[in-house]
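Input: structures, listed below.
Each of the next two complexes has chain A plus one other chain: chain B in the first, chain C in the second.
== the complex of A and B ==
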């Protein structure tokens, strides 16, 4: 049995490490590129959101490479993500890409027993014990957190760097080394090294970089291909940024920190008081938070037609005027007009820079 | 002072119209409706709504803006849940906020969350509405019960008899019954001798049965209804084709159309997408071609 999964940011690093550790064969789909998207777009319905199209391409590529089982997460939420599995299966079957499907569904929908059963089926004919799996999962969680910690540091410091591309290079190096390590333990040593390395990059504390918050739809934030490598571009431009929504955050909210999440969902913010599905409420709250934490602006990312984020956008457009926060909304679809996106982002950053100077020097 | 409640006639008003009308009539509250969609309403909506939203959302914004200065309270239902584990589009849950920031009216908007899967919550919601309108609780409860009764008694859906061809007309109620948004689709189909059946005329159990084979239990009520009804009617030979009316960038339809299409193999299937552009000739041509195809299939 060869397992595969659609890409979701850096999740492939973690999944392939766990599979190595557990002796489960897995096929990592080729990294997302335009060819993947084109292949997916060809077979997907026209109106579906961008992540789906990329995922169709991913799974077709993996099945070509010999995978025979697809594992993916699902949700019971209101957003389309929950129906992805069903539609993916329907489309792949129709076009002759047959595979076994293991859908890791929400506990509320299928019950914990069924979920564990499905989880176990990924792991058929196992060579390792359950205890070892638990340990591997615990260790990989640490690895994920460590990578994200590194990223966070980069995002925080890149604006001060003498040469911002140093940061970008080090991040790419680190990720590829972690992906190629033979065990989780090795990955941990690699990461420790890089944590030390990152502290040695020359900084210029005199600088006063623009600080923005990245928010919006989860896939667009986590998968660099889906946002036209926006983070790399911001690093190159010397803009500091922060991003709450990451894979680690997702794990925390859905698995480990469930009760904390319930409290967060109930909290009222005065602009959007109800969790309406997806992460629309978080998006609205992050804009408010950006104001209190003194950021210069917010960039909201969403794929075309994303239902929850449209609501968020609608609320933010009035709210941002009221609280005095600058927000740029960027909608991504399968058209790869990179120049268009870049122009808008550059203009937005320029505008923030000018505002900052104006306020600082009191002209 | 008489209180006046404004009721925009878009979106799910098309499904719960009897309920809403009876409820407010029983409370003896003055109401002002904005029901008929016109070019003017659509233009108003397009101007005040976020541009990524779908056509029915924009129409609803138009109706709300139309009522903005004519009423003391604006009734914008926030429907969060239908049956157990059944949801609707996220835009409905955030509808009041969307409309409020769109038409720039923030006070006196009735928008308590409605969860239809919990009868207790549901009645509480309406008691709250009654309270904010200064109506006694017992009166609200009796109005609620009468409205529910009338809603259940009302004959829903369209089931045409006596036409040469029959098709299943799928889609959201606000696309099917708003004859401005769908450019008189039903009349046009009738003029070609095509009768329509809508999802309300298929038994709930039959619809449920059709979704049994899925790897994921469907959770959108519109998806389940349209898929279940379309598949059931097609499998039981009650229809000659499927016409699906959908609005551009509708998230739910993007999935239900594709899954229905993949599951009724080689069956006449016409998907009509509407948006704020009103190019009627294009739709006429497509309906005509579809009617011709049905006719040919019958002859050969």
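== the complex of A and C ==
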């Protein structure tokens, strides 16, 4: 049995490490690029959202490379992700890409027993005990958190760096070393080293960088290909930013912090009081939070046709005026040309910077 | 002592020279015609015939071809066109609060408060409402693009044309033309549709306050200016240098940048015009990103490079995005 999965940011690093630990063969799909998207687009419904198209490409590439089992999460959320699993299977089957499918649906749909059963079936080819599997999963959670902690530091500090690209390079180095580690333990040692390394990058504390919040649709935020490597660009431009929605955050809200999440969902914010699917409510709340935490602006990302984020966008456009927060919404689609996105992002950052100077120094 | 601003757009390449007091002394407007390198060269040659390298104290580039132009000339500042348009407008008149800009390939609205951008929007998808679309329609109706505006003003009857999308608009125009509407009315309808589309798409939720500047190549079209005035019920001003506002802004920023840098410019001088410059692109296969890397060569020496995500090629040259 060779398992595969669609790309979702750095998830492939974590999954392949657990597979190594469990002696389970896994096929990591080639990293997303324009060829992946082209392949996926060819077989996808025309109006489906961008992540779906990329995933079709991922899975086809993996099955070509010998994978025979697909594992992925599904959800009951009121967004198209709910249809992804079934639709992907149907499209791949129709085009002669057959595989066994393990869909990790939400607990509410299939019950905890069924979910655990399906979850365990991913690892059924393992040569280790169930206890060891549990330990590996616990350990990999720590690795994920550690990578994200490192990223957080980079995002927080890159605006102060003498040469911001240093941070970008160190992050890429680190991820590639973690991915190539032979065990989770080795990955942890690598990460410890990089946590130290990152503290040694020369900073200039006198800089006054622009600080923004990245929010929006989860796939666009987590998968760099889906946002045209926006984070790299922000680092290069010396802009500090924070991003709440990460893989670790997702794990926390759906698994470990379930009850806390229920409370969060019930909390009213005065602008969008109900969870309408996806993470639209979170997006709205993050804009409010950005104001209280003194950020200069918010960038909202979404793929074309994302229902929940479109609703959030219309609410934000009025709300941002009321609370006095600058928000830039960027819609990503198949268009690969960077010039259009870059112009908007640069202009937005420029605007924030000039306002900042104006307010602080009264030019 | 002159500051040069270069705006390499999809349709036109504009170069301006500003004197010390930031007055426009030279204004060059050329068609890009798909080859930005060539058009930058042409424009530079015109400047060289009148000035020598030492007279140029700073260079700024803007527009979608700003990176290429910067690589060729050695610019002191590289800025996006939204910022440069705003800078130029608020320099021309500090009271400007709204800028409507329609260029060849895109259109934008910029809201200024106290001379600082407070909001902006750029058209996202579709070519309706841009200069290229007008060009095409003028050609189809057999009219010179420069006469479009004058003809529109002669219209007596309002023809309603769908402005949402270039394809819809075109079929609407053809349909109404076959019904016997006059060219003048069709063009006036087209201008109305374009202005309406602009305001409902880009102007949505924005406070459009006086003074309103209308700039970009399309501002030459009196029909659209009038359509904007009718729809907004406000006066719309077309500034004197409306065609080259982007490059004016770039030149002003170049002055700022050079002064910050202690008066040193990185302008390479007009000698570059003797060198042969060409671009080469290839797909880098070193990692799964498969970036389409573009390199600019001058006399077989690499002077610029873009689109490599890891920065491996860019690090070997000196042109990079700077905020």
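Operating definition for what follows: the second predicted complex is superposed on the first by the 361 of 363 C-alpha atoms of A that agree within 3 Å, B and C clash if a C-alpha of one lies under 4 Å from a C-alpha of the other, contacts with A are read in each partner's own complex, and residues count from 1 in each chain.
We take it that contacts are C-beta pairs under 8 Å (C-beta built on N, C-alpha and C of every residue); 3 or more make two chains touch, one makes a residue touch a chain.
Keep in mind it's a predicted model, so treat the numbers as computed, not measured.
Enquirer: Are chain B and chain C a fit on chain A, or do they clash, once the structures share the same frame?
Expert: fit
Enquirer: If we overlay the two complexes on their shared chain A, which of chain B and chain C does A:308 touch? Say first, second, both or neither.
Expert: In the superposition, A:308 touches chain B alone.
Enquirer: Based on the superposed arrangement, let me know which partner A:95 touches: chain B (first), chain C (second), both, or neither?
Expert: In the superposed model, A:95 contacts neither chain B nor chain C.
Enquirer: Per the contact definition in the header, classify A:331: touching chain B only (first), chain C only (second), both, or neither.
Expert: both
Enquirer: Of the partners chain B and chain C, which touch A:86 in the superposed model: first, second, both, neither?
Expert: first
Enquirer: Between chain B and chain C, whom does A:180 touch in the aligned arrangement: first, second, both, or neither?
Expert: In the superposed model, A:180 contacts neither chain B nor chain C.
Enquirer: Which partner does A:317 reach: the first (chain B), the second (chain C), both, or neither?
Expert: Both partners, chain B and chain C.
Enquirer: Can you tell me whether chain B or chain C touches more residues on chain A?
Expert: B
Enquirer: Between chain B (first) and chain C (second), which, if any, makes contact with A:35: first, second, both or neither?
Expert: The answer is second: A:35 touches chain C but not chain B.
Enquirer: A:353 contacts which: chain B (first), chain C (second), both, neither?
Expert: In the superposed model, A:353 contacts chain C only, not chain B.
Enquirer: Just to be sure I read the superposition right, which of the two partners does A:45 touch: chain B = first, chain C = second, or both, or neither?
Expert: Only chain B is touched by A:45; chain C is not.
Enquirer: With the C-alpha centre of chain A at the apex, what angle separates the C-alpha centres of chain B and chain C, reported to the nearest 10°?
Expert: Taking chain A as the apex, chain B and chain C sit 80 degrees apart.
Enquirer: Looking at the superposed set of three chains, what is the minimum CA distance between chain B and chain C in Å?
Expert: Nearest C-alpha atoms of the two chains are 6 Å apart.
Enquirer: If you lay the two complexes on top of each other, which residues of chain A touch chain B in one and chain C in the other?
Expert: 317-318, 331.
Enquirer: Would you mind writing out the residues of chain A in touch with chain B in their complex?
Expert: 45-49, 74, 76-80, 82-83, 85-87, 89-91, 93-94, 101, 103, 105, 108-110, 271-272, 274, 276-278, 280, 304-308, 310-315, 317-319, 331
Enquirer: Residues of chain B touching chain A in their complex?
Expert: 49-50, 52-53, 78, 80, 85, 87-91, 93-94, 97-98, 101-102, 104, 113, 214-220, 223, 248-255, 257-259, 262-263
Enquirer: Taking the touch rule as given, give the residues of chain C at its contact with chain A in the complex, in rising order.
Expert: Touching chain A: residues 64, 79-83, 106, 114, 116-120, 122, 124, 205, 287-290, 307, 309-311, 320-323 of chain C.
Enquirer: Can you check the complex and tell me which residues of chain A touch chain C?
Expert: 30-35, 165, 168-169, 172, 229, 232-233, 236-239, 317-318, 321, 326, 331, 338-340, 342-344, 346-351, 353-355, 358
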